[in-house]
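I'd like to ask some things about the structure below.
Chain nomenclature is as follows: A, B and C, assigned in order of appearance, with residue numbering initiated at 1 for each chain independently.
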């Protein structure tokens, strides 16, 4: 008896699976759990109403798990997802592998409206392989009220030395105010995004023209030393565990006087519901050191269709809708212009409503437009990308280097030792990858 | 006041102190789940309770689907493990030979292999057999994952059964099936049901295979949690509400069955 | 009752031969499904892992393939995180075992006494065992150990102390505490069950002889718990060898590689850096380590137990 029920349950489960899989035009979307994508999930009901023949299914995951899942899926040709949220790093690499379907967008999509730097970053050999959902650069956020109280003034283009000077004056640990918050959590997309821009602006680079890693150069040492000093002297406790989100919470909760991070944070910091400093926050460009080149990064979360998807057309239709001008207006209507997906379309920035709701608009646009992934550093490099290098090996190198620098931040190793280890590890990976003999 | 009374009060204070310290983290999510995101970071007990976080969680995810999958996967895999394990344990307990000990150890050692080391092979196998993101696929993995524990626990319970009873039954002409059904199962039922409970708890909370082998159709509650951890923006209240919803069913089961669990958790250790 | 050890069946006391009416010896037949299924479950992935460990296999570079001999193993052994990760794995197992056995024993003794509301208090104590490891780690990381918003930092500030940054300054200990929080209730359950079967008369007799509580504990309670402790050690070791979710959620193996244990290292290589070749080599080494630990463990426990029976 028991066994019979068991079997029938098994059978039902099996049939349910088969039944769903064979339904026509189901689009399974692998999505990241950040607020913009959650808003998309919410508003997508309107898309489903307008397209009754397309059914959307969402897999919402945190960034780390998402990246692991979609990479495993696409590399093993599993075809579990029809639409994937991928970053600026993955798009060109996966396109080169032939894993993604090229996207020829219809005229109504108005591809020319998409900011060129963003479009270029998602293309490979002139063809577009992913459509941007939102794009970000990096910038400096600071607290007007705290600056005013101390009689300080943020220059139009701060340097890292300026920032260090301000941080010293603004830190008041007894009150729980820290001069500066920066990313400390290990990861190529976490601490290394910031540290790489710091190295860039000091004249450093990841690899020289012959693909030899250059992490043991004075430029890197200067950048990392300043980074570690800043956080250790004026940063919040637990900085080595802080990523974008932790810092957003800290700055939004009024614990930091300055913060250098992604431009998308602006929309959240100006939102009085989530942030306690909505009326006190001001912004400046990302700090520079000896060169402005590569001082601010460029990243976009975008939607791409794997070749293995069986619902190519439906997926493309939804991707076009989700990144269209109309969708941006839909969000504006639902949540207000300040929360509209930013960094992708010129028309967003041309809109007077957006400019009014988002005082940071033109500023962000300028940061994104001036970030140049194809010529990111002072000295020439063989790779594309400001805060990363679009080669498969970078993921591994960035992860390991991120760990060693986080180790230096907590004082477990010296900066010299950390960079030496990082250099050795990077050389090893490049040798394994066949770039170096 | 007598010294015995004093003693009892002392023990009571100590016992409750320990209990509260252990329970505190769970209490925190229970409380935070009813706060607004802004309040959540203040860690205070004075606030106006709100169901906003729960509302948002229900709006965003099909909670019932996740619960259904968690239940289907953990219950069916547990039953399957027991169905396969009990005969094996019976055989090992009552017909041991020179190899039995090694066999049992080998079975347990399969559990020590880290899942991360074999994910890609299993993933490829699941993909090629069409079991990716299917409830049966997860059931198979969990059944195999729990089988060694099931065999071992059942084995220890069978070992506790006095051999004399069995011998008497055999002289009466009982066959193996009758022996298991009428004699062994009744005496070892408390043990086996606590085994079942333990396996259900372990499957319910398993987060590696479920995250990697399921996406939509088979996604259990661990995947549900993964969509609330570490987003951008304030997230403690929503995360707490989601955690509350993910943990509550299994905790309710555990609490209701705790007498059973305590009685059965002997692992042959009570002699 | 025949003296059976928990872990080792003693073939010394075979029971009566099958009754004449029996047509077959079921022993093999009954064993077959379990053995066959576990065999497949173990051998198929293991063979694949062994194969992957000697080829170049990076998910992101499918064009680089081919046999590389022991190169993957060499790369892994040269990885500066490798040896520390084995150390962390062992430290983690031993510390959590110590904490949960000692803590579990003390708690079991405490809850063996009668006090008001004992039943409910016991529910509270065992509750952590039901919590998903990921959820547990998220609570600990964000709401308890967080240096700015966590409970500890609030308490520290309340008494005017600078909050400790647990996850940065004592990362491995933080992980150990989280894991121990989950597994101590399990030890507690088993030890309490065992304790409740202790002969009251024996204890009362000792009390009449004038033995204090400490002496009773050492000479009567502890020996009685020996077997239950062995069980706890055995089961927990199995799970602790492959602790992953807590590390993944709370520290991501860091800062640096301070909390990277072998499973996390393999994960990081295989699923963050997507080098399946090296990760498979790590998987093979993890299997070897697991076997060494299990042999060691069983020897230790078996000896311990045999001592009891030889008397």
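A few remarks follow.
Note that in this section a contact is a pair of C-beta atoms (placed from the backbone, for glycine too) under 8 Å apart; a residue touches a chain by one contact, two chains touch by 3 or more.
Just so you know, these numbers come straight off a predicted model, no measurement behind them.
Chains that count as touching both chain A and chain C, per the definition above, are B.
More contacting C-beta pairs link the chains of B-C than the other of the two pairs A-B and B-C.
Averaging C-alpha coordinates per chain places the centre of chain A 37 Å away from that of chain B.
A separation of 15 Å divides the Cα centre of chain B from that of chain C.
In chain A, the positions touching at least two other chains are 64, 68, 72, 76, 249.
Among the residues of chain B, those in touch with two or more other chains are 41, 120, 124, 226, 229.
Annotation for chain C: residues 149, 271 touch two or more other chains.
The touching residues of chain C, counted against chain B in their complex, run 1-2, 4, 6-11, 13-16, 18-19, 21-22, 25-31, 33-35, 37-38, 41-42, 44-46, 48-49, 52, 107, 110-111, 113-118, 120-136, 138-140, 142-144, 149-151, 154, 181, 184-185, 189-190, 192-194, 197, 227-228, 230-231, 234-235, 237-238, 241-242, 244-245, 249, 262-264, 266-267, 270-271, 276, 279-280, 282-284, 286-287, 290-291, 293-294, 298. Interface residues of chain B, counted against chain C in their complex, comprise 8-9, 11-12, 14-16, 18-20, 22-26, 28-29, 32, 41, 43, 84-85, 87-88, 90-98, 100-101, 103-105, 107-122, 124-125, 143-144, 147-149, 151, 155-156, 159-160, 162-163, 166-167, 170-171, 173-176, 201, 204-205, 207-208, 221-222, 225-226, 229, 236, 239, 243, 246-247, 250-251, 254-255, 258, 261-263, 265-271.
For chain A in complex with chain C, the touching residues are 64, 68, 71-72, 75-76, 93, 97, 173, 176, 185-187, 236-241, 249-250, 255, 392-393, 395-396, 399-400, 403-404, 406-410, 412-413, 421, 425, 428, 432-434.
Against chain A, in their complex, chain B makes its touches with residues 37-38, 41, 59-61, 72, 76, 79-80, 83, 120, 123-124, 127, 132-136, 139, 211-212, 215-219, 223, 226-235. For chain A in complex with chain B, the touching residues are 2-3, 6, 9-10, 13-14, 16-17, 20-21, 28, 30, 33-35, 38, 41-42, 57-65, 68-69, 72, 76, 78, 80-81, 243-245, 248-249, 252-253, 264, 268, 274, 276.
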